[in-house]
Amino acid sequence: MSNHPLVDVRHLKQYFTVKSDMLTKLQLKAVDDVSFTINQGETLGLVGESGCGKTTVGRTLLRLYKPTAGEVYFDGNLITDDNINHYRKDMQIVFQDPYSSLNPRMTMADIVGEPLDIHGLYKTKAERRDKIAELVQLVGLNSDHMRRYAHEFSGGQRQRIGIARALAVNPRFIVCDEPVSALDVSIQAQIINTFEELQAKLGIAYLFIAHDLLVVQHMSQRIAVMYLGKIVEIGPADEIIEHPVHPYTQSLISAIPLPDPNAARKRHRIILQGDVPSPLHMPEGCPFRSRCRYATEECAKVCPTLEEVSSGHQVACYHPQG
Amino acid sequence: MSNYSADMIPKKRLLSLQLDAAKFERASDAEKEQHDVMRESTTFFKDGMRKLFKNPLAVISLVVLLLIIVTIVIAPMIVPYKYSEMITINGKRDRSAKNLPPFTYSQMELKAIEEGQEIFPHIFGTDELSRDYFIRVVYGARVSLSVGFFASLIVLIIGLLFGSIAGYAGGKVDLVLMRIVDVIYSLPDTLMVILLSVVLDQVLGQSLQGTVLASLGTNMISLFVVFGLLYWVGMARLVRGQILSIKTNEYVLAARAMGAKSGRIIRKHILPNCMSVIIISTALQIPSAIFTESFLSFIGLGVQAPMPSLGSLANASRQALQAYPYKLVFPALGICLIVLSFNLLGDGLRDAFDPKLRR
Amino acid sequence: MSETTLLQVNDLRTSFFTDSGEVKAVNGLSFSLERGKVLGIVGESGSGKSVTAYSLLRILTDSGRVTGGQVLFNGENILEFSPQKMHSFRGSRISMIFQDPMTSLNPVYTVGNQLREAIRIHTDRTPEQVRERALEMLQLVGVNEPEKRLTQYPHELSGGMRQRVMIAMALACEPDILIADEPTTALDVTIQAQILELMQELQHKLGMSIIMITHDLGVIADICDEIIVMYAGRVCERGTADEIFYNPCHEYTKGLIRSIPTIGANHDKLIPIAGNPVDLLNLPKGCAFASRCDQAMKICLTDAPEEIRINENHIAACWMNVKKVYDEAKEEESK
């Protein structure tokens, strides 16, 4: 095994210009200096609230958006606009919305077969058909339904089609962009298991983006917590959940609604005051300080950087708790 | 909690009910699968057609349109008169057959019938130049329909190209192209037709002589030119809007993540998904083109005489409206039927196929 | 009907009549809601939980119709009210908040305008009193700078703030029942916690009843006294929160609880419910859940289960419970 990580993201920045009115243009720092690594066959969970930039990280990483600054290395090689098409076979994405992520005018076979067509991964029609059938069965769908259109499937089945499409090119890394948030509870578990089985079988690495901490904790070996475009805490999953250090992570974990009435009665919730500031008008210094109980003058001056608190567990806070 | 309707079944009673123990055996997977019915497979098109045929107005319109089309195709083969020629009996011009009411014969014709000749009835009567009015209305409908169809085709082609480029390219290209559209939108169309027909008459008048286009007349050509120059902007805006909204769908992003090139994305993902809206809007464009043509013909800027169009027929009938009202009624009815049917059919198509209205 | 019962629903049936046929969205639902309690209705999409709420307020879309049953509010059947009476009834006795606070506020009016409107419809206060009441309501739901908020438009507020305004509007006329249809689904976790806390606090303060509709078992466990679990328009199980979570008696509820990942160092495989959601257009004979149930018996495929009382706080509609009683009785007999 090589000694470099599979995916290495360094100082990734993605700014969008937004027109607030006719004349003034504002800069929206969707992703602001984000760095992380993902090893072969590993899952990194990325959690955060809506608008924190987690989806943008996934898309910029795959160069679906052109990054403002920063580098992404895949298997030790710098990814550029020129060579990205070569790496499209190694890096894939599964989207959140099972309805808008499948073309309603295409059959299941065509959707799953499209990556094969694009990269010319078959020689004969029969080979194409066999490959599609294999992929479809791999994700637990009935290959008798090949000729059906996307809208005839239920949400969970559609998400499986989306996974089969991503798997068609034999990727080594998949960005899972909230793949279960739009699904019903009973279906979520099916899809999570499918992801886990595929990882065990094929050794794929995931960047698992979600807002549901319970799901992320279940899926991931490591978790990164994002707040307003920055990673505020990153570390081993169990440690993040059981010994969160950043005040934001702590409140996030304490806010998870637990499906357990007794536990819910007993526990003490840390209710955050106020709302997330608009990313267009970010406060100086630490982005979280406007809602933080421990904020001091120091926090308002310079934004804290990630510091190691224990092995592999980094936090960006001047007042780490616990 | 109170007042729950069902109560626990007492143990004794349960046994006395003689519940069949076999019923409480595990069901096999096959049995369960049979229980789970999957809906019959339908395609987008089949489903849309089913919806369309459930809409009585759309079906009636479709039937009316088909009848009109069949009539204007077949009638000239059956009716022995020509739209541009006077009625002749035994090679002689029948000057007495002026302004006949429907289903009547002139004196000469009556004589001929007495002599044992068969004379085809004048279903809509005749006009002031002793021409069979039915065949003129049929030709008028032909002209109106083909003008509507071709004008819409021109609009479709130009609008589709322009709108696709603006929508897909986005950014500065989009900005420039859409400002052009805005400028064209602000031009007064009727005035442009009048100006163009005058200009084209002088420019093209000579060179057209003797060609097929001559029978159309410069007015008609200028009408098409105006449609090609002005009317496509609505279509371009529509196509651009469609493409912009389809572009944000995640399946387009997924295709890009797979490494698909722009051409493939437009062909496979964007066009098929905006096609239904484009077709519907083309169907609704046809009556508007017919209406414009009729209007222009009515004010005397339409087809070149003796070629009739529904609008010019209606215009001609104005002079003797009180004496021969039927001469206005037939072409006006034709315009109404065609325009109304196309509109209702277009509405029906939209209800059946527009993805925004589907659930 | 007992003294404290505020709302009694008997055998409610609601259908949607679509091009493809009748969709039985609610199929014989009965429950009662007591004064000052929080009732949770939990179910997946298509289980009929939102349609139930719309039926109670009679705000179904054109294709939907209540086809049977009774909704008794203080002994009066709401379903037989005249449109005028219904109009004054909504908002004053039962009011509702929706999932998406962006689309349920009108973007062209200020917050103050809409809030005052809500107050004015049901009371005859002077403009000055209405304004005071509006301010009071905003303070009640914990909106900071209420004076300023009154002059703002909905798009100037954040999601959590909008939901607070919606709650203020719903509570303006002191309704007896507040129906909350997925009130926190569109919000972030930290904001969700704020809103849930607020709802609990208001419920204690004002003593109203709440019907909480959600798909999130965590939210239900957090604030509900009683819970109804729905599947395909029918009640699977209803009972107190503790009974449902610690003694589930329907295979679907058991499956739901099993399929949620738990907090803590636990990477065991999840146990999902197999299969796909039921197609409401083609409801199968017997129990709608049978094809996804690992315990399904032959009877489940042919006969719909009756609601059976498990104990005084718990009712479930699952043949497994009958089988259990049956087996026990048989065993006793053989002794």
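Chains: A, B and C, in written order; residue numbering restarts at 1 for each.
In this section, contacts are C-beta pairs under 8 Å (C-beta built on N, C-alpha and C of every residue); 3 or more make two chains touch, one makes a residue touch a chain.
In this text the structure is predicted, and so the values were computed from the model without any measurement.
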item	value
Farthest chain relative to subunit C (centres taken as mean CA coordinates)	B
Dominant chain pairing [most C-beta pairs in contact]	A-C
Rounded Å distance, subunit A centre to subunit C centre (Cα mean)	32
Intercentroid distance (Cα basis), subunit B paired with subunit A, Å	48
Shared-contact residues (touching 2 or more other chains) in subunit C	276, 292
Numbers and ranges of subunit B residues touching at least 2 other chains	39
Complex interface listing, subunit C residues touching subunit B	1-2, 5, 8, 10, 18-19, 30, 32, 34, 226, 238-240, 275-276, 279, 281-282, 284-286, 290-293, 295-302, 306-310, 312-313, 315, 319, 322-323, 325-326, 328-330, 332-333
Partner subunit C, residues of subunit B touching it in the complex	1-9, 11-12, 14-15, 19-20, 22-27, 31-33, 35-39, 50-51, 54, 359
Subunit C-touching residues of subunit A, taken from the complex the two chains share	49-50, 154-157, 184-190, 192-193, 196, 211, 213-215, 217-218, 238, 241-242, 251-262, 264, 269, 271-272, 274-276
Footprint of subunit A on subunit C - complex, ascending	44-45, 144, 158-161, 188-194, 196-197, 215-222, 241-242, 245-246, 255-257, 259-267, 269-274, 276-277, 292
Interface residues, subunit A side, partner subunit B - complex	59, 62, 64, 85, 88-89, 91-93, 95-97, 100-106, 114-115, 118-119, 147-149, 151-152, 162, 165, 169
